[in-house]
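You will see chain A twice below: alongside chain B first, and alongside chain C after that.
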Partner chain A sequence: MKTKGMFFSVFLAVVFLFSHSALAEVGVTEDSILFGHFAPMSGPGAYLGKMSVGLTQAWMKHINDQGGIHGRKLSLIIEDNKYDPNLTKTAFFKLMDKKIFALINVYGSSPCVAIMDDVQKAKIPVIPTYASTHLMFLPMKRYWFWLAGCGLESGVVVNDYIYGDLKLKDARLGICYQDDEWGKDGRLGTEIGAKKYGKKPVAVSLKRGSKDLTSQVTTLMMSRATHVYFVGYAPDFAMLIKTAQNLNYRPQFIGDYVSVDARIADWGGPITDGAWAIGVTGLPQEQGMGIDWAKEISAKYMPAPFDKIFIPLQLIIFAGSKAAQTALESCGRNLTREKFVDALGETGGLDMGGLVGKLGYSKTSRKGISQYRVYKFHYGQKKFTMLSDWRYPSIKAEETR
Partner chain B sequence: MDAMQVKFLAMGIINGFAVGAIYALLALGFVVIFKATDIFNFAQGEIMMFGAYMAMLMSNALVGKLGIVAAFTLAFLISSFTTALLASICEMTVVRPMLGKPVLSIIMITLGLAFVLRGGVEFIWGPEELPFYKPFRDAPLLVQGVPIAEVRLYTIVTSLILMGVFFLFFKYSNKGLGMRATAEDQETAFLMGINVKRIFTMSWAIAGIVGAVGGIFLGSTVGNLVPYLSHMGLRALPAVILGGMNSITGAIIGGLILGVCENLAGTYIAPHIGGGDIKEITSYVIVLVVMMIRPHGLFGTKEIERV
Partner chain C sequence: MAVTRYCTRTYLQDQRIFPSHSAKISLTLFVIFLVLLPAFAGQYLLLVASLCGIATISVLGLNILTGYTGQLSLGHAAFMAIGGYTVALTGEHFHLPFELNLILAGVVASIAGLVVAIPSLRLKGLYLIITTMAFQFIVEYVLLHWESLTEGERGIPIHAYSLFQLNLDDRSQQFYVVLVLAIAATILTKNLAMSRTGRAFVAVRDHDIAAEIIGVNLAKHKIMSFIASSFMAGIGGCLYAYVYQRITPEIFTFMVSIEYVAMIIVGGMGTVVGGILGACFMTLLPQFLGLIFGPLSSAYPFMSSRLGAINIMIYGMIIIFFLLFEPEGLFGIWIRIKNYWKPWPFKY
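Then we have the complex of A and B:
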């Protein structure tokens, strides 16, 4: 009888153990949550990839040093996608094999579009994607949470500022864009925005990683563009300004949110002074709970030079991390992907403490950002200042569909 | 065609010529090695990149003591020397043991060398864009109203001088004649008392020098250095094919032609077809057309074998 009782107890214990593991979510254990991340760790976008990995790890260390979230420590595995859509697919499936709970802080329009359907099918939460194309949130996709400067809306804001705010009726707008999903979205928005004011911008493209922009600048010169909007990496923005200077061409240059990067001073020199940029984050010199939080984590966990906040893009990564943290905290111990996604959908209106404008997630929208600012760069001080406060584009991406 | 259009056309040609000069230097590196050793060096772009990084390192280290002009000049010379040294060491330690092995194995070796060099540079300096300080003024010179960047002008002049020097070297110096003889027939050259191994090393050293000079001027033009600058090496490949794999003159002229054509295509055709990769495609379209008419390139010679 005693033996029978013992067998029964062992049987119950085994059943309990198996049933418990069957109920547990993929990537979640008693004491850990495993996140996946892909980024270009080599090639033209590596300067951003290494930064996004470093900042995500810093945020995780900060959480873990405080005991984790509901007793679970956060961990991260990284795959190099070289900003290549095909390699991103491979990276995504590798991360799936490694049983991640969710993807965190990923970026790149072309890479993210490449795995859009795969993510939906696998029901893996992505929090957030910093991909700039409006395709990331239109139509709404349950598992994709978007937080970036929308190429399309930024293009509209450029026109709003030039033709609406400044009333520069004789201004001729040109756009130089990276020839991928991100750049094409920017071009589309610039054209839509210009059409509203009865204008037609001249458009030139560059191949990602291109090191000669002479023909692009010559075309813009020939079209007599007085304002040139650039959609692409910040070093390329600096290169465009320098190339124009070399050809005696001095239009007003405007970068997108990735070009809100103080290092354009090093890359482009004094000629970058006075450049504008369309931003979606606060500025490092501003005060705010979120900005202070980002500065504290960076100072404690990041190696130089990223121990200081000098690129607003650093702030956007903290904004995404903060949204994820809030949702994880509200899920409690019984964490599942579906519960996490629902919790993220309820973070709309969360006070981001100056990191970005109002967070816009809801049950029916995955569009995290709708507000933009116009910034001006000061070479001597190596910083951007505000030309125009938080604003909505006169034509929202949703209205263009 | 009005005055403005002429000005833009002139700008397109001059700037294309400057880009073409860098292609020509890279192509020269490919051809010199190929002529002497029958090896196609896929690491030429990486050798160029290494030269640029060395110049940056020296220039940044010396600029505080010597001023930018002297620091850059010294960095130029030291970088050329160290890159030549690196290329020679690569030849002696990595490539030479492979001589006589199947062509595919040698190709794989040079590809491997490319990865090692790129990885090494990325390991030391990181993937970040690093500013490249140079003595050229950013404001352009105006020649008949046509703006020409100082760096472009120096690129063209220096490249032409260097190409001229090597042309004379190959034509008149003993070493140059030895290299040509080796390229013609290695066994006969050996029997005639030419140190073939030294010729091989020398060809790699020359490729290192022209690569470094190309890299320095490319870095000066762009203003920043990044490891994937080495991809420019692949952009010079069509120039080699266009000019003829075994022609030094062909490599130089091929590079200049493609530089100008790419720039003009980017300026005049790209806006009408919605942008895209027209600049990259242009070179390959030209090569394709020329290959159909002259399979050995513009200046290449057909190898006749007697049976």
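Then we have the complex of A and C:
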């Protein structure tokens, strides 16, 4: 009897052991969830990489100080991808070998495209990607959650605002775009939007990391563009405005969502006053539950100057983190990647408290952002103000396919 | 820079692939280690090992052109790109098998090599560098802007493929294919270097006028060198495409060409072992630096941009170090280590 009892106990122990290991998800332990992150820590995109790493860690510290999510603390492994698709590939596999649960807050069109298929194959959720190309959500990829300004739709919004809202019939639109997937999306959107109003924009490209934009400005000037839409990094946007000033060319400059960055005042000087930008986030000076939450975390966990929200891009990272947090909370203790992905798919319409417009995730869509705003920069106050409230582009990215 | 072995007394000794029994045994052990690698390595290590193999194949190609023949090229990545895009396009449109794709990639790249070689016959030194650099930029521009063919920056996905019943979608099986081809490329280059043609290449490199006087056909050997080099680059590019499973223009930028030149400088120009050492060293270096700086970036995110810059600085400093203090590269260090241990425990 005693032997039978012992065998039964051993049997139960083995069953428990195996059932437990069968339930355990990669990257999830009793008391932790491991996330992976890659970002450029050097090169032209490093200023964003530094911020995304810091903000993600601040959000995690905030969660962990409150006891974690369902008793599990969040931790992060970072890889420097130098904005290089090759290094992103190795970084991704390195993170995979380190058994991450999911990738969080990653960005860069080329790096993300490089691992697009690997992520799908490995079934690792990416929440979210800030890569600005429509390839991230069209066609829908189950494990990729996109949250950024879509270059294509931003281009349409520029036209909607100039020709639709302001009815500037004589305006001649030019676009200066970074010669990559993000920039090309912007060019395509601008062309599609302009076509709707019977216009044809002038397009000039720049190589990422260019230090001189004289030829681009000269082309735009020769074509008599009255409005110049720029798709690229904020420092380059400021450089474009400065270069134009040096050539005595003063069109209305319009940046894309990355250029909604108050530091353009430092990079470009007083000439940046009055520049417009197409934004996808709220503004730091606005009130809102989400914005207040972001401000609180930044003030508590971030060193200066990032202890204050001054770039709406900071808000978008908090928006992504908020969506991840909501999904993790709704998954309960029994956390799996598939459950997490399903939960993320149900965060659509979630009130982001002013961080971004309406969150657009659903079972059939991974497009987190569809609403845009037009902003104006005030050099003296070093801040953007709203020119037009949340709006949808007249032509959506899905309709262009 | 030597083609022939150290301390050989007969031509027979000089023409052996393995210079000694110990070399044969150590190389065999090394190959056994590589064969067993997938048993204990994770996906990341296998990917990095495959990249080392691909870099080895391509760098051996560049070594034929630059190390042996003395023709400086800054367009090696462009030949790799041609090989890579060839398989992407033939795979996409004609669904050719892997082995045929592989050969095709090499052939198309070598045709491109021929196109560059013919106008470059009268050029050398800086002028040749500029020509190959221009070729690199042209290829980059075409890949980026001929979107109807290359899909621009988003690139072309490479679909699952197989070779003799092996599913090469799997990282370990991919690694074996790369390993076999890297070994084949090494043996081929070694043989080529020791052949009459290889010695003619070296003659062209050392003094082209003198080589011509003793009967070496300069044009023929320069063209042959370009073709052999671009063929191997094409094979490398093809494997890159298969390993990455998506090919984009950003994989084969001008910086990659620079890196390949750095590989032969760091490894040691005009030597097969040097080429392999340089390829592995330069492929592993960013990964190794990542091992150090990755955790540091995680721990101190606001130091991360500085750490990134230090990372790049170290990379540059290593190249400068080799140029200034070790012109014979890792191969030179390897030979010195060997020579030190040969008479051990005696001093001489």
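Here, the second predicted complex is superposed on the first by the 383 of 401 C-alpha atoms of A that agree within 3 Å, B and C clash if a C-alpha of one lies under 4 Å from a C-alpha of the other, contacts with A are read in each partner's own complex, and residues count from 1 in each chain.
By definition in this document, a contact is a pair of C-beta atoms (placed from the backbone, for glycine too) under 8 Å apart; a residue touches a chain by one contact, two chains touch by 3 or more.
Remember, predicted model here, so these are calculated numbers, not experimental data.
Bringing the complexes onto one copy of chain A puts chain B in a clash with chain C.
Judged by the touch definition given at the top, the superposed model places A:Glu153 against neither chain B nor chain C. When the two complexes are overlaid on their common chain A, residue A:Lys211 makes contact with chain B while staying clear of chain C. Within the superposed three-chain model, A:Ala46 lies in touch with chain B and with chain C [touch as defined at top]. In the superposition on chain A, A:Asp179 makes contact with both chain B and chain C.
By the touch criterion defined above, A:Asp80 lies against chain C but remains apart from chain B after alignment on the C-alpha atoms of chain A. When the two structures are aligned on the shared chain, A:Glu25 is found in touch with neither chain B nor chain C. Once the two complexes are overlaid on the shared chain, A:Thr90 sits against chain C while remaining clear of chain B. Of the two partner chains, chain B is the only one that A:Val202 touches; chain C does not reach it.
Within chain A, the residues touching chain B in one complex and chain C in the other are 41-43, 46-47, 49-50, 179. By the touch criterion stated above, chain A contacts chain B in their complex at residues 41-44, 46-47, 49-50, 177, 179, 202-205, 207, 209-212, 214-216, 218-219, 221-222, 235, 238-239, 242, 245-248, 263, 266-269, 271.
Chain A contributes residues 40-43, 46-47, 49-50, 53-54, 57, 76-80, 82, 84-87, 89-91, 93-94, 96-97, 109-110, 113-114, 116-118, 133, 135, 179-181, 184, 303 to its touches with chain C in the complex. Taken in their complex, chain B has these residues touching chain A: 8, 11-12, 15-16, 19, 122, 126-129, 131, 138-140, 142, 147, 149, 151-152, 218, 221-224, 226-229, 231-232, 262-267, 270-271, 274-277, 279-280. If you check the complex, the residues on chain C that touch chain A are 42-45, 47-48, 51, 144, 152-155, 157, 244-246, 248, 250-251, 286-287, 290, 293-294, 297-298, 301-302, 304-305, 307-309, 311-312.
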